[in-house]
Amino acid sequence: MEPKQIKEILEWVQQGKLNIEDAVEKIKHFPYEDLKDAKVDHHRPFRKGFPETIFCPGKTADQIIRICKSMMSRNTNVLATRCEKEVFNLVKKEIRKAKYHEFARVFTVIQKPVQYRDGYIAVVCAGTGDIPVAEECAVTCETYGSHVERIYDVGVAGIHRLFDQLPKIRSAVAVIVCAGMEGALPSVVAGLIDKPVIGVPTSIGYGANFKGVSALLGMLNTCASGLTVVNIDNGFGAATFAVTIHQLVSPLQS
Amino acid sequence: MEPKQIKEILEWVQQGKLNIEDAVEKIKHFPYEDLKDAKVDHHRPFRKGFPETIFCPGKTADQIIRICKSMMSRNTNVLATRCEKEVFNLVKKEIRKAKYHEFARVFTVIQKPVQYRDGYIAVVCAGTGDIPVAEECAVTCETYGSHVERIYDVGVAGIHRLFDQLPKIRSAVAVIVCAGMEGALPSVVAGLIDKPVIGVPTSIGYGANFKGVSALLGMLNTCASGLTVVNIDNGFGAATFAVTIHQLVSPLQS
Amino acid sequence: MEPKQIKEILEWVQQGKLNIEDAVEKIKHFPYEDLKDAKVDHHRPFRKGFPETIFCPGKTADQIIRICKSMMSRNTNVLATRCEKEVFNLVKKEIRKAKYHEFARVFTVIQKPVQYRDGYIAVVCAGTGDIPVAEECAVTCETYGSHVERIYDVGVAGIHRLFDQLPKIRSAVAVIVCAGMEGALPSVVAGLIDKPVIGVPTSIGYGANFKGVSALLGMLNTCASGLTVVNIDNGFGAATFAVTIHQLVSPLQS
Amino acid sequence: MEPKQIKEILEWVQQGKLNIEDAVEKIKHFPYEDLKDAKVDHHRPFRKGFPETIFCPGKTADQIIRICKSMMSRNTNVLATRCEKEVFNLVKKEIRKAKYHEFARVFTVIQKPVQYRDGYIAVVCAGTGDIPVAEECAVTCETYGSHVERIYDVGVAGIHRLFDQLPKIRSAVAVIVCAGMEGALPSVVAGLIDKPVIGVPTSIGYGANFKGVSALLGMLNTCASGLTVVNIDNGFGAATFAVTIHQLVSPLQS
Amino acid sequence: MEPKQIKEILEWVQQGKLNIEDAVEKIKHFPYEDLKDAKVDHHRPFRKGFPETIFCPGKTADQIIRICKSMMSRNTNVLATRCEKEVFNLVKKEIRKAKYHEFARVFTVIQKPVQYRDGYIAVVCAGTGDIPVAEECAVTCETYGSHVERIYDVGVAGIHRLFDQLPKIRSAVAVIVCAGMEGALPSVVAGLIDKPVIGVPTSIGYGANFKGVSALLGMLNTCASGLTVVNIDNGFGAATFAVTIHQLVSPLQS
Amino acid sequence: MEPKQIKEILEWVQQGKLNIEDAVEKIKHFPYEDLKDAKVDHHRPFRKGFPETIFCPGKTADQIIRICKSMMSRNTNVLATRCEKEVFNLVKKEIRKAKYHEFARVFTVIQKPVQYRDGYIAVVCAGTGDIPVAEECAVTCETYGSHVERIYDVGVAGIHRLFDQLPKIRSAVAVIVCAGMEGALPSVVAGLIDKPVIGVPTSIGYGANFKGVSALLGMLNTCASGLTVVNIDNGFGAATFAVTIHQLVSPLQS
Amino acid sequence: MEPKQIKEILEWVQQGKLNIEDAVEKIKHFPYEDLKDAKVDHHRPFRKGFPETIFCPGKTADQIIRICKSMMSRNTNVLATRCEKEVFNLVKKEIRKAKYHEFARVFTVIQKPVQYRDGYIAVVCAGTGDIPVAEECAVTCETYGSHVERIYDVGVAGIHRLFDQLPKIRSAVAVIVCAGMEGALPSVVAGLIDKPVIGVPTSIGYGANFKGVSALLGMLNTCASGLTVVNIDNGFGAATFAVTIHQLVSPLQS
Amino acid sequence: MEPKQIKEILEWVQQGKLNIEDAVEKIKHFPYEDLKDAKVDHHRPFRKGFPETIFCPGKTADQIIRICKSMMSRNTNVLATRCEKEVFNLVKKEIRKAKYHEFARVFTVIQKPVQYRDGYIAVVCAGTGDIPVAEECAVTCETYGSHVERIYDVGVAGIHRLFDQLPKIRSAVAVIVCAGMEGALPSVVAGLIDKPVIGVPTSIGYGANFKGVSALLGMLNTCASGLTVVNIDNGFGAATFAVTIHQLVSPLQS
């Protein structure tokens, strides 16, 4: 809706290529499809570099299926996050191509083969319990065209396990670090490398972890530079951010 | 301290180029200088891509001066953040080259001219009150080799002011958005562009903003993708993160 | 219980139209019916403009039925909120006229046709997950005599979807905006129109949304003027407030 | 920036009344004036019904003066809130017409006489300590064309003081109730009248009031209907909201 | 274990009535019975005026039964709070005299008839949802010898319902007021009467009530005098406190 | 304003002793005096047993003096709490009889000699730092007719200091226990005696005491019975509550 | 990975006992075994004095079994905490030697007999509800070679029960005190003895205990010296800390 | 006040060595001296192993001096913490031997030479800003007979600085680690050594560190074993705990 777009349409109008009514319609209706209870943002691939994702909680299976189909009708690959197994089973009946990623609680519908960028994103996690969040990161990256190196269970209680993996971490384009409890691992990693590090606090822990708050605060208050943070358990958000960086560094031909 | 470094030193030892005592010393003492109350990390430029920064709160003017001089002795440019005017005045007496950036509450000591990367980082802020944090971002970026476009006072209460600036924002390599109160601006920006957006919640506001918590939570819970967050008022952290991305995209020749 | 009412009764007493015992009784017992575990406020329609509503949580089906019947005996339409489907099924057996609004988790008993005011209230929501709260708003408005325009799934991640709907929003008497996560939508709307906007934070989100706190704080700390807020998920409260305004602007003939 | 405006400009372009460059400029630059560190929103009177207000904290006296003058150049009355006496004294030297409202910590510059609507807004407060917030409400209402009835120190510790004032409260178009500590007064008022009640929690109290949080939570969790809430101490926000309602009910001729 | 008791035992020792070993034993073992996983405090009736109560959560049915029997062996009446129906059913099989108070989630074993004091305690609650907590108060008072007047559903949304009940409230020895949501009722009551008022915040509400925190803060920050507070939902604590006052004013002959 | 009062006035009206206008006036104006910014509640002594108290924070010296004089004109003793020394000095100039209690930060104006009840209230505190709050309790009790036993610095770090004082504590009518930090002392005291114990959490401590929250939570979650709590540092509230009990047990002849 | 170890390996390399590749491998792979989703830290017994423990939440039965077997292959005794009965039943099928400690929700696999140190650790708890946490402490201590004295249900509501047990507590090497609700017991114990006291706040309680926060804050704000704290319900952490002290005082021969 | 002490006194009484009055006096008055506003606990050295410490905040200089002199009269060395320089200057006038430790904000009065234990305590801190807390630890340890190794500014942003110091840390009897911000250092240290580690969260940081809460939560939620925590900035508490351990391992001859 920015000046450049307005200008182009204005020029068409001035040159008689477009009448006024159509111009207004164009500006208004171009970017989304109205399913009444959902307005699917078909403009997003152009604006953001990847399509709208379906965040499943609070949506009925029926709503998910309808949004899916709306996206599939535009030949878009689909990624749906936080999808319970039971909900997926209902989706699967309608959309045979849908594939469930168990650990990540994610399903994808791949209609056209994913194109991959050069280089990879490292997905690191502190403990075995953080793996579901790490997998949400990894599957999201892979669906949107970034290869992933998985480096799991290297938390600070046994910091030598991390040091062994440092070369693999250092060679990544960007690094996502998932950690619960005290959330110290992203700070330690960010202190050791010169790539952007994205911390994902997880809700793993108990008592005074307050469902991830301790890890979140730990990462926000990092003494290391080069670290930013997303919401607790938001593997998807970290992944799309990392892919955004990856796209800048090694853009896909399109 | 990672395998590659150890291996190199091991090879020197095996080849007789280095005796054992010296090797141990090398590994141990290489990266920092011990001022007793501070251990200056001279290794950081190699590890992180830019030198250690002096975070002034809690340090005496004397400590700041000693750390400064230790860094200057290595021919490093110095950046010191959150420096009160009165403290800077004491520093200035000892270090004539130091320059104070009033709005940013930052001082710099530039010993060798800053080299700049291609492209720029956009620093956006929502209100006039957010400018000190935005300036901390801007001066940090500029000190570490990134040009900056400043786009101030474009908050959502008058969202048309933002739309006018979108082309300048879209052309940046990375975008930093500082906002207090409800902290909605970074979400709106991230929804409109395909570059990495780093949100800096500021402590501007009153009452239920809880010194920046409302803005912080707003940014962490963004419904837009491509947004990560740093600590409240942490302009420095956002800037170094953006520079890290900039360096990946348009590396400095060194 | 205010001076005017006291004065009227005093006049009746002075004029011999009412003896003292009856006067005291009148003042004491007029406004409610005592079911022991509930005191139904039959005076409320006169005092507030619409009848007492039944808030179901913590009440047994039996209690709900008894309160319903007490209200029905006064020929009042009944609105009951936050009613689980199972509880409604028990109510339905006793009160055949009761109708369940599935998405809104509300039931109504309409005994006399609802009279409608001129104009309408716009009910806007940010995401599909916010629809249950938005529907609680909409059904409440409709039960109390206000037409509703529903505008759903227009959150700030794709802000162009909102702009398309602005004319419909601008023409409303009052606007209710439901949003979870960062709760930015009410601020954006309030910045663009000159009608009263009532924000309803929803508990949609996860992690650092703290069950709606992020959205609540976002709305309370709005930089836009013309926005007030109700409790998290309190669609009913926003609706009765909007109806109160609607009644002022286009009063029902009664 | 909505379709209707775009359409109008498109028509001018189509009819040759406006060339394309000018049209783009018009759309882009119309609504605000860029002072670099502040972007004054001259469009707001048309969009919101009253002009942008200056929120003083975090602005230098110089910035305040420049914004003031920018607004005065458009013949707009100026309202500036949360202005410390010392800052006002600096403003006063430059802007002789500025007037300070001591209790309200507000200054106004009245260039054209305020036009008043029929009816009034009631501003109620619970204790003497809440008066500064109540005065911020009252002065804001008066500056924007609404008469005010002030009803102060009628908190629930001596609830008879409130009952005496009920007729005056009931006759208002809208009611603003400021209360600190437990914040119970707005609920009690909203339970007794059929006008919109806007609660303003104040930071008055100590200990577990957490600077107004107890009052805020009290108001958000009201058991009465017809009550909405603004941020702690946000007298200005409550006032503009009440004026928005007042304008709907008794519009100013303009 | 205070000086007077020590002195008495010392005198017996000095007078040869007690040897040292026995004296030590007496001081050590007198007050409780050791069931290993529970140490039943048989001394409490003498120290506190009523026996130890069994708080059921976290205890197995078996543990509850053993503590019960230990108390019954001393001819003490038993009160057990927060007992789930299923757990009670297991208890009932072993202890036939046990009686369940459904609303209060309490069971009692009355072995010797309760003696009652003159006067009564008023138990007031704001809404129907607060009744379980109010009943915990009422049953506790009655078990420990205080008559109770129950006054339910008189919250501030319809404050006239309260005023009608004031005479009954004013004549009580002490008043317990249970309220959830904004918790305003205890303040209103305390403002109107000259008896000690004990506020019990309940967890009734949703959203920003934070499971009773809003009511708790409301009561703690009361502007009325003569009000103290207990933990959220702690009907038992309020009741024993009220009984303690009742015992001071109208002591039981014992 | 309850039925009995209304009935009496109604009877006067019926008997011609009072005309209607006067009756309304009587009901409306009887209980307070309107100073505009303060409404002094002269009815409170009759309703609550002791006069309104002046809570100084947020009031100007002038306001305090005017309220004082209004109360003095009714021959009431005055108690003003949380009064800074500098404010008192201004008051003293106008009201020569005013007396400052340094530790308690309280001033009193005693116009008629205080009458004392039989028995006393024990005021206990855990540490030396809690003395200001304890003194606020003690002076309030003494002003309102209750003798006080002060028992200071007996916290649980050296619990033997408490045991020595138990007889004096046990003989009191009611016990107020002030404690900061972990706030454990009231629980320990309440576990040992059979009198009502009122806990006053103080803001003494640092770090995770959060200005008294740790002590407040400690007291609210007591495992002992017979303990209720007031707001942090609210010595006045605890004292008036204790006096209310004292008055029930040993009423003053009046 | 510290200098001494590096030096030793360097010496081997210099002396030709080890070639470089092998040395690097040694340093890298020595301390853990990579199961991909878990990296078992076999180095921990040497570094910490006892083996890695399995924290079960968030791990599948299959993962637990594989980690178990990896540890058993090194002839290490296994301790697994927070293991649900159902999960254990699956483990038991694969690992016949595994033994479940019901109250502690812990299982152990003892392959070589536990060696015990001289002296013992006292495990104290305040109420019956705290026993599961206390048992987690006790079983952990016993598995790692420390005898335990269990002292349960001695909370401050009946403080004489504690005093009777003091000699047993005083003779311990270290004392662990578990308490929920106000968490006062550790402070009282620490005030009375000269041994290190470790407080374990438990989540026992309700309402304003906020799942253990009240107890945690109580212990952190202790007025007694000689007390440190672990996370809420972290019996395991307190136990390993106590064993670490025990090992210092009475080291096992190994 | 435990059985053994009682028994001894009882024996004296039985044997006629002590009469009853004196025995009671002995038990009551032995352990403290009553200065009215402070009760100095002279018994503490025997009970706890070191004397009562003066916590200065909230105490007047006069009170501090009187407590000091009371302790000095028993020939006890004095330690006073959190003493502002100005307050110390007043103390110094009265107590010439008092010595101020500037960084630690502590003063000591050494009357008899401190005896030292074998071995030492390591005091580690993460940043220069944490030094005041670390110095409070160090001076406390030294005053109570433990040598200290100071290891400062070794935070995780440059973790190699820590590794160099590991041998010195590993050889300590106990380790105190002070860290602000994310508080990760204690976890990293505890993961690497087999000695008890005591974490001291400091209030260093800003924004979402909430004055030390982030560091506190980080340490409480540690994934490493062998770590316990004290209150924010509580260097004194950590030190006395460490000394308690040191005394167990290397007891002073006394």
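First chain written, first letter: the chains are A, B, C, D, E, F, G and H, and each begins at residue 1.
The rule we apply is simple: a residue touches a chain if its C-beta (ideal position, glycine included) is under 8 Å from a C-beta of that chain, and two chains touch if they have at least 3 such contacts.
On a predicted model such as this, the values are computed, not experimentally measured, just so you know.
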If you take the chains that touch subunit C and keep only those that also touch subunit F, what is left? D, E
Distance-maximising chain from subunit H - centres being C-alpha averages: C
Looking at chain pairs E-H and E-G, which one is connected by more C-beta pairs in contact? E-G
Need the CA-centroid distance for the pair subunit A / subunit C, whole Å please. 38
Can you compute the centre-to-centre distance for subunit E and subunit F, using the mean CA position of each chain? Integer Å is fine. 25
Subunit C and subunit H have mean C-alpha positions lying a whole-number Å distance apart equal to 59
With centres defined as the mean C-alpha position, give me the subunit B-subunit C separation in Å. 49
Shared-interface residues of subunit C (touching two or more other chains) are 1, 3, 28, 127, 157-158, 163-164, 191-192, 207-209, 213, 216, 220-222, 225, 231-232
Show me the residue ranges of subunit H that touch subunit F in the complex, using the header's touch definition. 1, 28-29, 31-32, 36-39, 41, 43-44, 52, 55, 57-59, 63, 201, 203, 211-213, 216, 231-234
Subunit F touches which residues of subunit D in the complex? 127-131, 152-154, 157-161, 163-164, 204, 206-209
Residues on subunit H engaged by subunit A in the complex (per definition of touch): 126-127, 155-159, 181-184, 187-188, 191-192, 205, 207-210, 213-215, 217-225
Along subunit A, where are the residues that touch subunit B in the complex? 1-4, 47-49, 53, 163-164, 166-167, 170, 173, 191-196, 198, 216, 220-222, 225-232, 236-238, 240-241, 244-245, 247-249
What does subunit H use to touch subunit E in their complex? 1, 3, 6-7, 10-11, 13-14, 19-20, 23-24, 27-28
